[in-house]
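You will see chain A twice below: alongside chain B first, and alongside chain C after that.
Now for the complex of A and B:
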């Protein structure tokens, strides 16, 4: 750590185009590029085999009529033409959007709050570890846990509601409640993780900013608004983009909530739609086209967000 | 250091070799098997409760055919069809698998199942030994794609303690009637078994439907396009038919008012507080609610015998036959499974021998003795009932309809089974939620369904 810092400092100290610098630099024994490639090979191989190749196949399948069993037949853009006219596709996109708004909205707000508390109030390691606990539980287990807790008839939460004189709620079964319930269950599972990422970002903010703000008489709220938030922007943008993409990929909680009976239309998110088309109806070509459209939509969303939040530029520099 | 390094290398080499061997084992095993004069048949099923019985069949088969070994793989229902489909796509399918009516048209139309009619003719398999209609389910265009292995029917399951508390005699349960107008005596019993928190039953004028403690009846709303666990059986008893012909019909009749009457009858049960509201019902399944003592009665298939009459049941249950409908007869769906042979199997003759054995009394008697399902052969069905009887379980409600004329009907077998399932289930759920009118919702679904066949 220390040596690295010294190196950094000496590098920084070197003015560019200094003749003395060239003299002092030792001749490089060999080209590192070959070694670099060697180090890249494992990751690259994994990427090509598990992402690149399937993606190319997916693109091909999306242009075919393929039921997994017979050979695919080329149909050109038919799948795409059909999808944009498929109300189920748009419905499931809408359902997913609704979920993402609920999930990301609550998750980011709660995460920010928790991170700020950890940053300014207590830095207890035990507390941080506890926040992460729900994130460590496998998604299917989270789903099953909450399905039992929130069951309309036999669940503990409804038992409490009833004891308090409030009516019971069919959290997972009522079309009005199902999606918000799933969204908040996943918020419960992921907020700790989001908070930790944001907290790490907050640690990068120079403490002297807070000191001067305090000297100027700013309270905690004002500091949060005028120091923390602007300084955190690039990290915030990254966390937002990553969790948004993750949130769009909601599947397991829905599949668990659906049980063996198939998800009701109120919770049929886009991934569930694709899964059903591919592995229940055996419309592999159609499912691939839907998956590619989704990737396209996510790509556009990501670019727009990064642009809007100017994520690549930091106010710290 | 040097030894560690060498040991590490050796380990690496070993694991690599292991992986390679594992990759190659699929093809190698079969070739090796053929060379040595013995053959291994891969057989798939999904029900873990039936695994011991079929393992016993496989052992008996191996004794009779020492050259053929059957290797059984059990995968839970939820993953079974995906696994099977991907294995088929990869050319690694099992030689024989347990087949289901909703999935098999897909495999037939893509040419994955072997036609066994020539073998059936050659070996003169007696097709009349099976419960009526079951063998025909697996025939399309003169080709036969399986032999029946078992069947299931539907009956009423009720909580005997609650029945006694509400002073309903068990004898009454044997002769229930039902009609879509006032629900017949079935609805009377349902009302009596419904109890609010003050202990008043559903027939009491002071019954409080906002504070129901025990629901008299639990409907199943996640029941696909067939309503096997309730609405389908009642609709057929009401004179409805699913489609123009079965199997392989192409025009469904979900817009028939006779079906709408049944759904409306269910809705009034909910309105009166006799059945839970759709959006306030448990998602844990009717068996969980019945076992928790929060429901008194429901329709249940014969595959649930061990759930309700087995040692793990938390309440005391008994079975009653389906109610007699407006047309004058009881109606229960009868559904059967079969065993299919992979069209690409390298051991056609051995696979057929195994399927023939599965479809014979030799294996089905073994299955009967285990008393988990009803085998397809009539004599074996009786054996299974006797085995249940010996264990103190009265399952006559399931067996009776198969012996009476016209009390069973076959579930539809058509193309697009899974899509139809989702469309109709969605429609019925929207109707029950009141999001759309009954006739209108069913009409829309029917149009969507029939559009799949054009």
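Now for the complex of A and C:
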């Protein structure tokens, strides 16, 4: 199943003159076996040691009571049985879902708006570069910046709220506000990046579609609805899934907001839950089981992504 | 009517730009404010008494007493070292990973050997495993090797390959016309000669693209360096900023120092953006998604 998919992909990407080249080569079949393995040694060593082996180890840990100190003992499905009954696990999944909805919802909408504005107004590289800046900055820095801007006493935003006659808000400290705040802070950090991806997709749309729509008397909003959105659908779906996968793995901003005290339950997302289980309580087995369940969720999303990738290629390439 | 619409559209774009850039302005503004003015200036657009002392004290250019007088907590911080560590960390990972992935990508694209598709399929399947899952056993491995708080432990999991970079570069190599390589072969070049003298120079664009994205990724990296590189000698900027925040008192965080440190974490990517912005911006499309 998996290999089939790669074969299909390689056929897609093969240049058209390949069949001819293959015919010319036929008389002198070459075998690069020795050279090939030398080319592959570093990458394959890295793959086996840091991807393959730990994947197997991770599954094994999830079936043990490993605690980093003593040797792991096999406990079968105990970790899983425990985890599905662990309210903290479900709570952290719920908190993550809440974050993802706020973050992805706002980020996609604003990114789409920004991309459409750029697409219809300007090709400026400088503008795009400036919009990309927040994406280049570490999430830790982004977190710090906004904790300061949103500080309940001295933060600039609360000064603004006061000037407008509104009350101040403890954005990062109030349990009701903390998670939406982190979601919107990351929207700030990633909207420019999302917009640039969508903008690149919009550039693929043939300009004559807009010209004929304009001849038919369509306004900008109508063009957006009848030309941009339908033509962009494959790219939009792909960007959505990639953003979803990234969003599920929120950790840095939460860790910074949590500071030395540890995250309050209002912001304890699934990555933070796993991190705490593994490195604060040393429940390596339990943490591995939770990570495996998360991997399953993300795996489904990745399969969707790979399918969309193929769909978008054949539609627009 | 149409003109009003265009104006409104430009206004929205301008607003987006202001919202994007203002937090950075506020960061620099705060970093240039003396700690004594933090409260008085907290709503001011310009610092009343601009100073570089916050940068000097977090870079370890002042004495402990001077640092404490300027608002520091007195704990030892040396952002010059963290900055250097971050540069080494992302530089090492970006160059070596790009090079090794180019080698592997070329083998998967062009060299003929039994099992090629199967091995490639297995490597690509690793794209489906989220980082947190391999992170736990990788931490155990690095710990057992006694590599915690060494650069070896920090970079080991990333310098040899990532499945995405192998996939990305292979796709590019597949698109190079074969004729050039065949001609070089007939001139007596071996596989390595073709790769080194013909293919790599032809692939500068994609190599820079993947190198840049890897640099940015490593620059932003937090969780892994937090786990294996917490100590002074391997501490990178992101970890240092987290530690800095935790060390400063909860009731009165050292915001002027924190914003000076944040500025240091933004400057290098800003320079990168100024010099390579065009390439970075143009390489962002849906085939280059990481």
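Operating definition for what follows: the second predicted complex is superposed on the first by the 250 of 317 C-alpha atoms of A that agree within 3 Å, B and C clash if a C-alpha of one lies under 4 Å from a C-alpha of the other, contacts with A are read in each partner's own complex, and residues count from 1 in each chain.
To be clear about the criterion, a residue touches a chain if its C-beta (ideal position, glycine included) is under 8 Å from a C-beta of that chain, and two chains touch if they have at least 3 such contacts.
What you see is a predicted model; the values in this text were computed from it and never measured.
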Touching partner for A:154 - first (chain B), second (chain C), both, neither: both
Which superposed partner A:281 touches (first chain B, second chain C, both, neither): first
First (chain B), second (chain C), both or neither touched by A:183: neither
Chain B versus chain C as contact partner of A:111, first or second or both or neither: neither
First, second, both or neither for A:39, with chain B first and chain C second: second
Which of chain B and chain C A:168 touches, first, second, both or neither: first
Contacts of A:68 with chain B and chain C, given as first, second, both or neither: both
Chain A residues touched by each partner, larger count belonging to chain B or chain C: C
Contact residues common to both interfaces of chain A (with chain B and with chain C): 68, 148, 151, 153-154, 259-261, 279
Residues of chain A defined as touching chain B within the complex: 67-70, 147-148, 151-154, 168-170, 172-177, 257, 259-262, 264-265, 276, 279-282
In the complex with chain A, residue positions of chain C that touch it: 5-6, 9-10, 12-13, 16-17, 19-21, 23-24, 26-27, 30, 38-39, 42-43, 100-101, 103-104, 106-107, 111-114, 116-134, 136-141, 143, 156-157, 159-161, 163, 166, 171, 174-175, 177-179, 182, 190-192, 195, 216, 219-223, 226-227, 237-238, 241-242, 245-246, 250, 255, 258-259, 262, 265-266, 269-270, 272-273, 277-278, 280-282, 284-287, 289
Chain A partner contacts - residues on chain B that touch it in the complex: 77-78, 81-82, 85-86, 88-89, 106-107, 110-112, 222-224, 276-285, 288-289, 292, 294, 416, 418-419, 421-422, 425-426, 429-430, 433, 435
Footprint of chain C on chain A - complex, ascending: 2-3, 5-7, 10, 13-15, 17-18, 21, 25, 30-33, 35-40, 42-47, 49-55, 57-58, 61, 68, 110, 113-114, 117-118, 120-122, 125-141, 144-146, 148-149, 151, 153-156, 159, 188, 192-193, 196-197, 200-201, 219-220, 235, 238-239, 242, 245, 249, 251-252, 255-256, 259-261, 271, 274-275, 278-279, 284, 287-288, 291-292, 294-295, 298-299, 302-303, 309, 312-313
